[in-house]
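Heads up, the next two complexes both have chain A, just with different partners, chain B and then chain C.
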Partner chain A sequence: MSAAVTVEQVSKRYGARWALQDCTLEVPTGSVTALVGPNGAGKTTLLHLLVGLTEPTEGRVSVLGASPRTDPTHVLPRIGFVAQDHPLEPRFRVDEMLAVGRRLNPRWDESLARDWLRERQIPLADRVGALSGGQRAQVALALAIAKRPEVMVLDEPAAALDPLARREFLQSLMEAVAERELTVLMSSHLLADLERVCDHLVVLAAGGVQLVGPIDEIAASHRLLVGPPGDEQAVARVHQVVHARHTPRQTTLLVRANGHVYDARWQIEDVALEDVVLAYLQRRPDQEVAA
Partner chain B sequence: MIWVAWRQQRTEVLLGALLLAALVVLFVPAGLHMSDAYRSDGAAACVAVPAGGCEQLLDAFDGRFSTVIGVTGFFAFLPVVIAVVFAAPFALELERGTYRLAWTQSITRQRWLAAKLAVALGGTAVTAAGIALLLTWWRRPLDHFHGRIEPGAFQLEGIAPIAYAVFAAALIIALGAVLRRTIAAIAVSIVAFLAVRITIETSVRPHFASPLEARPGTNLDTSWIVDGRMHHPSSRFWEFQGIETGIFLALTLVLLALAAWWIHERSS
Partner chain C sequence: MIEFRLDPRSGVPTYLQLVLQVKQALRLGMLHPGDQLPTVKEVVATLAINPNTVLKAYRELDREGLAEGRRGQGTFIAAKNAIAPPDRSGLAAGLVRWIRQAQSAGCDEDDVVALFAAATHEVFGTHQDFGRRSA
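This part shows the complex of A and B:
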């Protein structure tokens, strides 16, 4: 399965601040990938690089085999982008927003957009500024889907929505994914939402990629080791210790297991995905990145 | 994209048309009245064949319309008003980030910018042209005995006001692109516009051509006196309009190039 999106050793600097440092990752074609990280980790910067809104200071970005910044007319029609806060024209009516999509995109499916909005009971004659947050998110999503893209990139699409609107939005997105072959890359700082819909994961923290891979593999390969207080050297020689917590009574290690863990001193437990992600988010930038 | 830009500026185009309509409603009756008075008061006769009591007659004519003439003194700011109407939304779009929607459809930034500029500057130019036409027509009687080359009339008539407005719009657009703050862009643009206008009017325009030295006793009412007896005759009006327009359009092009470069190179 080839990669829809390739990011090679990408760094991005704004003035004196490095927003991203030496990021390398691939988004497999057909996957639904979650981009997870705390605020300020660089998620928006990374997504903006993928849609040509900015360009890397170092490194290369390639979407569907081409650079979105230098080759926009070939790449952009195939990418559907929903930016943070779903920017729309507040003075336009909903059907005028669809006209924007129709006029600015070579492949535009007007009936798809209209059906989409009708199914979600969003009136075409209303002004965008008068819609609720959830309705605006659906309009932004409709604009991206009716382009008939091959890749969907969404920047915290459900962040500003109430729980019901968030659930409806994710459901709509999953329907779109099911109906046509789409690769989806979606950022969020709410892992619980994404766990249900995503099959791939990228953890971004402090401007670097901390973890990349299929979700079931990640869940299967990480273990929680609980044992007597002591050092982790023996374990660290064989497995990768992601996070260690030492108390006077016990030592807890979260490891990425390199094969089976043979060590009677430790009690071995499965780890929930959320705990794995949290452990990676707590790593310092100078620690090694998981392959 | 032209449709999108036009739809985005629909309200501004209406505002520009309203502004023009309001001035038409004010100045057409006033202009007709002034033209009538010009003929019936004997001012026209005075200009054609200067005679003894003409000076008082023309002064009286001026005094009669001094209010309207005084109001047009403030019209030096009209180009800025027009420019703010059409260019401020552009700066707002850059400040709020709503341009990201258009930049991630399927068109290039250049095409987006070209369409936006065409509509904003086109609307500015058309509105300014309408107002310049109106004021040129209104001023005909006054031009007959005051000439049109002195700065107060020069800035309202001909094609220079169009260049002023387009220049002011380009200032707001360029500063909006660089600063990403609309209010700051407008404020700095107003200051910069005034600075450039005043500098060119006082220090550059007198040198557009070598001033002529008038023989003692010549009537210099229709000329622009620059120093003592050195003057520019009214016949140089279109020559000076061309040079002034050229300067402001050149400055506009520089500003647009700056805006285009900034938008193309600077990210997000």
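This part shows the complex of A and C:
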């Protein structure tokens, strides 16, 4: 699978503070990739680099084979971007928002936008400010999809929505993926949603990439080992210990297993993806692992 | 046509849940050779899951010879597939008799499930978590 997005040794500094340090990752073409991390981890900075809103202090960013900053006319029309909190003009009617999209985008597909909103029962004559949060999110998505993008970048698109609106939003996004071979990169805090809709995962913490790879592989390779205290070294020689907890009676290790774990002293359990992600989020920045 | 469902707490990967549900439907005689499986778009619309996951499940069923994709039409249960519904009526009746017997011997549902799991382990040598993997 080729990469729709490539980030190579990218660092970004704002004044004295490094928002990203030495980040390297790829988003495979056709994948739905989740970008996960705590607040302040650099998720929004990374997404802004991809859509050309800012440029890296060091390193190289490439989307669809070109740089969004130095080659914007080639790249930007092919990227759909749904920014955090869906910044739409509240005084505009929905059809006026579409008119803005039509003027700004050379590849604009007006009937696609109108059909998309009609199917979701969003009245084109309503003012954006009068819509519900879920409807506003759908308008923001329609504006991005009507560009007929090859890559969609979404920053926390569903964070502020209630559970039903969130499900409907993700449904819409997945239908767009099914219909038009999109590559999607979306940041989110909502791990349960991501497991449902995403097939690749990037975990960003403390400005660096902690984990990257296909979700199935990540889920299949991590195990929880529960056993007697003090046996950690033997395990660590073969498998990679991501997170360890110790009590006087017991050691609990979350490991990235190197093949099967055969050891009668340890009770071996599957781990939920959410627990794997949380374990990586708790690591120090110097412990990077690539899938 | 069957409708897929998801158990997000099962820990079983999503694509595998879809595969297991098709196998289960075949075993129970709910799906027959030539039956069409839901289209990728239909599954995406009902479950709000990634279309790549559905494609992966259908590829896996294809690889195991249980289903086949027909270009432009969809995915269908293969004419010759390895899972034929066994003559269930006799077997199921026998199992119900055995469960009643266990019940009158004082076993509750958990005891029955544990006995069944132990017996399948003895015969097949595999570990099945009957409590969790209801798919």
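Going forward, the second predicted complex is superposed on the first by the 287 of 291 C-alpha atoms of A that agree within 3 Å, B and C clash if a C-alpha of one lies under 4 Å from a C-alpha of the other, contacts with A are read in each partner's own complex, and residues count from 1 in each chain.
Heads up, the rule we're going with is that a residue touches a chain if its C-beta (ideal position, glycine included) is under 8 Å from a C-beta of that chain, and two chains touch if they have at least 3 such contacts.
Bear in mind the structure is a predicted one, so any value in this text is a computation, not a measurement.
Once the two complexes are overlaid through chain A, chain B and chain C fit side by side, free of any clash as defined at the top of the document. Of the two partner chains placed by superposition, A:33 touches none, neither chain B nor chain C.
Looking at the shared chain after the overlay, A:178 reaches chain C, while chain B stays out of its contact range.
Looking at the shared chain after the overlay, A:251 reaches neither chain B nor chain C.
In the superposed model, A:170 makes contact with chain C only, not with chain B.
Judged by the touch definition given at the top, the superposed model places A:272 against chain C, while chain B stays out of reach. Shared-chain residue A:53: touches chain B; no touch with chain C. Shared-chain residue A:199: touches chain C; no touch with chain B. Judged by the touch definition given at the top, the superposed model places A:221 against neither chain B nor chain C.
Centred on chain A, the angle reaching out to chain B and chain C in the chain A superposition, using CA centres, is 150 degrees in steps of 10.
Looking at the superposed arrangement, the partner reaching more residues of chain A, out of chain B and chain C, is B. Superposition on chain A places chain B within reach of chain C only down to 25 Å, the least C-alpha distance between them. Taken in their complex, chain A has these residues touching chain B: 45, 48, 51-55, 72-73, 76-77, 79, 81, 83, 85, 87-89, 91-92, 96, 99-101, 103-106, 143, 147.
Of all residues in chain A, only 30-32, 167, 170-171, 174-175, 177-179, 192, 195-199, 216, 219-220, 270, 272 touch chain C in the complex they form. Every residue of chain B that touches chain A in the complex is listed here, in rising order: 1, 3-4, 7-8, 11, 96-98, 100-109, 267-268.
Within the complex formed with chain A, the chain C residues making contact are 6, 8-9, 11, 13-15, 40-41, 44-45, 47-53.
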